[in-house]
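Shared between the two complexes below is subunit A, which pairs with subunit B and subunit C, respectively.
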Partner chain A sequence: MAKVIFVTQNNGSMEVEGDSGSLMELAVANGVAGIDGDCGGVCSCATCHIYVDPADFDKVGAAQEVESDMLELDDKVTEYSRLCCQIDVSDQIDGMTFVVAN
Partner chain B sequence: MQFSAEELHSNNGAVVIVGASHAGVNFAFNLRQQGWTGSITLIDSDPELPYHRPPLSKKTLQSAELKSTPLKAEKAYNDHNIDFKLGNKVTAVNHLTKQITLDDGQCIHYDKLMLATGCRAFIPPISGLEVNDSLNNRSIFTMRTYADAQAIKAALINSVDKHVVIIGGGYIGLESASSFIAMGAKVTVIEKQPRILSRVTSAVMSDFLTELHLNKGVELLTDKDVIEVKPLANKNTHKQVVVCSDGTEYCADFIIVGVGVRLNTQLALEAGVDVEQGIKVNEVCQTSNEDIFAIGDCTQQFSSLYQRWIRLESVQNAVDQAKLAAQFLTGKLPQGEPVQHTVPWFWSDQYDCKLQIVGLSEGYDELVVKQESAQQFSVWYFKADKLLCVEAVNYTKAYVLGTQAIKQNLLVDKTALQSGDALSKESLFLAVSS
Partner chain C sequence: MKAKPKAISQFDDAFSQKRSTSGLGDMDDQNDPVKMILGLKELRKVAHNCTTFQSGSTPGRIVIPSEVAIRDTRQIPFELDPPEHTGFRQLLNPWFKRPLDNAYQAKLQQIIDNTIDHALQQNAIDIVASFALPLQSKALTLLLNTSMDRAQTWIDWGTHVFRSESSNLDADKANILYDYIDAEIDKTMAKTRPSVPTTEDLFSVLLNAEVDGKKLTKEQVKGVMILTFAGGRDTVINAITNTIAYFSENISDLQRIANEPDIVNRAVEELLRYFSPLTQMGRVATEDTTVCEHAIKADSRVSLCWASANRDENVFSNPNTVDFDRKINPHVSFGFSHHNCLGATHARQILRQLVLTLANKVADINVVSADENIEQLGEFSRKVGFNRLEVSLTAK
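Coming up: the complex of A and B.
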């Protein structure tokens, strides 16, 4: 079980809870603005871009090659960027905050 | 083109959207997000909460527990004040009274009508090839809806020998083949043309995918025309026999028909708007009737990028047209500037291969293959010096660089591409091409 917070571009913040699936699916299921997930979670669209809190970055780790290449498509990429369809919802991310990039 | 002031600034009025899939749903949400205050009614004959179609032939079919991948959460529709009617077919449009009629007899008025009616699987006129949803023990299926995926999964589980014959070697047929193989089925793919995917890609890509499927154990047959389908005689089974024009026969527990689509343009025709290869729309997705719009698979639009009319069947096109139409209706498009059309992109996942495509290769006169390994390569399609399209297999870097080059109209150094060096922006892009 993980409780996480999404902060959107209009500075809204939403606490959501889940225990399986990807962070993108959790965001879509809760209608988090800015997470579209157009490809359904297969790392092909880059519409699920989030920033991880630098202090917690180790908990999710860096993107794999396909994902980091895909992130290059978004001008807003930073070293703390991830595509959240590639992050699993698990105890590991409990309590974390994610800022939606778009 | 001229937009009337009223058109750009009236953010209210009743919007009715026919079709709640990638195009219709994205349009509804975009419209609200852009500030539309009038009513939004979203109608679909499919009773399922609107879902992603691409996973149907990929993840959905393979997952142990069959479930759809919703486009949006159910509560999001309420939160955005989008009224949806699922399980209702729109049977008529009257463009004079601006009304649509549902199959239950209900009439709904519209100020703006959005046709996001997409397409349906095509069943070629072959003797015995009938898809009958109401049959209990069906053995012939198409792959377009969640109900199709459910029925196919059940057929596989119930079949004795788990032998499926797929008619048509297009993306949907090939993705289904890879899913069936993953589920331990025996798969035969029958393609009419001399090579698979011949309509959409080069021989280089067809050859690679042919090899891939053969290696995974698919029986892949090309240049074969199916002329008849008949139940297996004298046997107490539901097995079918697929008969080809060269006399060969293939026995199947069940059959998937994946030979392309027919567009749902009946309502558009009834409304009297221009329809050719698709519903013709201008650069802001408006049809020849100013109050009727169309987006997604059912449309045909002039591409400023490729300088010709194009019709696309992709999530990207559905989503981008949805955004564009919503921006137009809410007066959010920058005035006096030409509308920027986005670059088409598409993906397909088969086995452990990730295929990513950007641009359209049609009309190319040269192709360059950039190969990293047997399983990782990309095909770059040029017309003279202009890059038209990149197809990448397990090579996202190539896909991303191709996207940047096409979007920004950059000149690509073909020599750098042909060299053994790793791909990089610095070595690949020469300058801005004219």
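Coming up: the complex of A and C.
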């Protein structure tokens, strides 16, 4: 079981929990503003962009090539950007806070 | 013996050789030639670089075949560049996300159920004219939030009303749509604005909206509405028809979706990648520049060839195979960057619900006859869909 917090651009914050699937699916299921997950998680739409806390970034890991190629051309990219459809919900991310980019 | 007809469900990659040798294709179009960008990575860079490769040129010029000779109205937000583009997108985005609402999906489900049930009652049915077109038109009433009986007018226009084949680039046909939209705008302006927001249609919303502190002009509302009608018509019709064509020769894949409904999103994305319902879209260079080491002159046209990029072997393994297990699928069927498709949420919702419902209701799909729609693009010819696809459906 992982509990995580999403901080949205309208300054809302939401604690959600889950134990399977992707972080995008968890956000969409809980109606987190700014995470649309249009493509269903195949890394084609970039509507699931989040920032990982710098302190947690190593634990979450960097993006694979396909994902980083998408992010590279996103105007809101930072070095802590990820597309959260590519992050699994697991104990690994328990307690983390993610800032929604859009 | 007659040669075996090409498989109905097969959509060849027309661009493979040129993509690997030069990365650029050439086509002439009404004396305004186009350099077609074929590789995915290069295409993305150009799509993102809207200062050098602009959309806001003369209205109609980024469309291929060019529509410069047949229209003056600027399509919005499509033919605007940032920063003007941004405010219009912000206005339109929430409206075009409505297909995510449960109530919208329930109404769409009724349309899909009725369309499939009707088809199951026929011995044979032309999927293009009697299935995809009515389904697309009825679904559009949901996107516009207008009454369902409007759809009949749009169905009666037929499938060729704004087909953008050069032979069909016909101002009279385009005028059917422009006149209709003018009349709808005038009708809406003559009425009082609905007091309950949920009963308001897109015409009314736009006529009362502001972008960057200014009310939209009639011409701007027209520009948005033309695009909403034209951009979502052939694309959706091709996607629906090609999906039926695919399952007609791969019925076990449909059965798999009945057993594993969770894969439907992946399946739809993969079908969209494979079909690329919109082949390409142009941009106009604002300065002398280079793409794939080839010179591009200021004020000349390039195109973003989505259909080619979607088969780029540097990105997709087995690019010519439909694989519902493709978990990472960075296709560009809905474009990329600033102008990515505003109708994508609606189109995806139609396709996901359509495929799931077909999987639940249909046991078999047999093609009776077909007439393929082949685009001739300079040195390339590409199957984009069908002019006619007559099939018989068997109920489960």
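Here, the second predicted complex is superposed on the first by the 102 of 102 C-alpha atoms of A that agree within 3 Å, B and C clash if a C-alpha of one lies under 4 Å from a C-alpha of the other, contacts with A are read in each partner's own complex, and residues count from 1 in each chain.
In the analysis below, contacts are C-beta pairs under 8 Å (C-beta built on N, C-alpha and C of every residue); 3 or more make two chains touch, one makes a residue touch a chain.
What you see is a predicted model; the values in this text were computed from it and never measured.
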Comparing the two partners subunit B and subunit C, which touches a greater set of residues in subunit A: B
According to the stated criteria, A:1 is in contact with first (subunit B), second (subunit C), both, or neither; which is it? neither
Output check: A:41 vs subunit B and subunit C. Expected answer is one of first, second, both, neither. What do you get? both
Once the shared chain is lined up, is A:29 touching subunit B (first), subunit C (second), both, or neither of them? first
Under the contact definition given at the top, report the residues of subunit A touching subunit B in one complex and subunit C in the other. 36, 38-45, 66, 69-70, 73
If we count contacts the way the header does, which residues on subunit C are in touch with subunit A in the complex? 41, 44-45, 48, 97, 100, 265-266, 268-269, 315, 326-332, 334, 336-337, 340, 344-345, 348
How about subunit A: which of its residues touch subunit B in the complex? 25, 28-31, 33, 36, 38-45, 65-66, 69-70, 72-73
For the complex, give me every residue of subunit B touching subunit A. 22, 33, 52, 54-55, 58-59, 69-70, 72-73, 75-76, 79, 315-316, 319, 347, 349, 354, 356, 396-397, 399-400, 403-404
Can you list the residues on subunit A that touch subunit C in the complex? 36, 38-45, 64, 66-67, 69-70, 73, 86
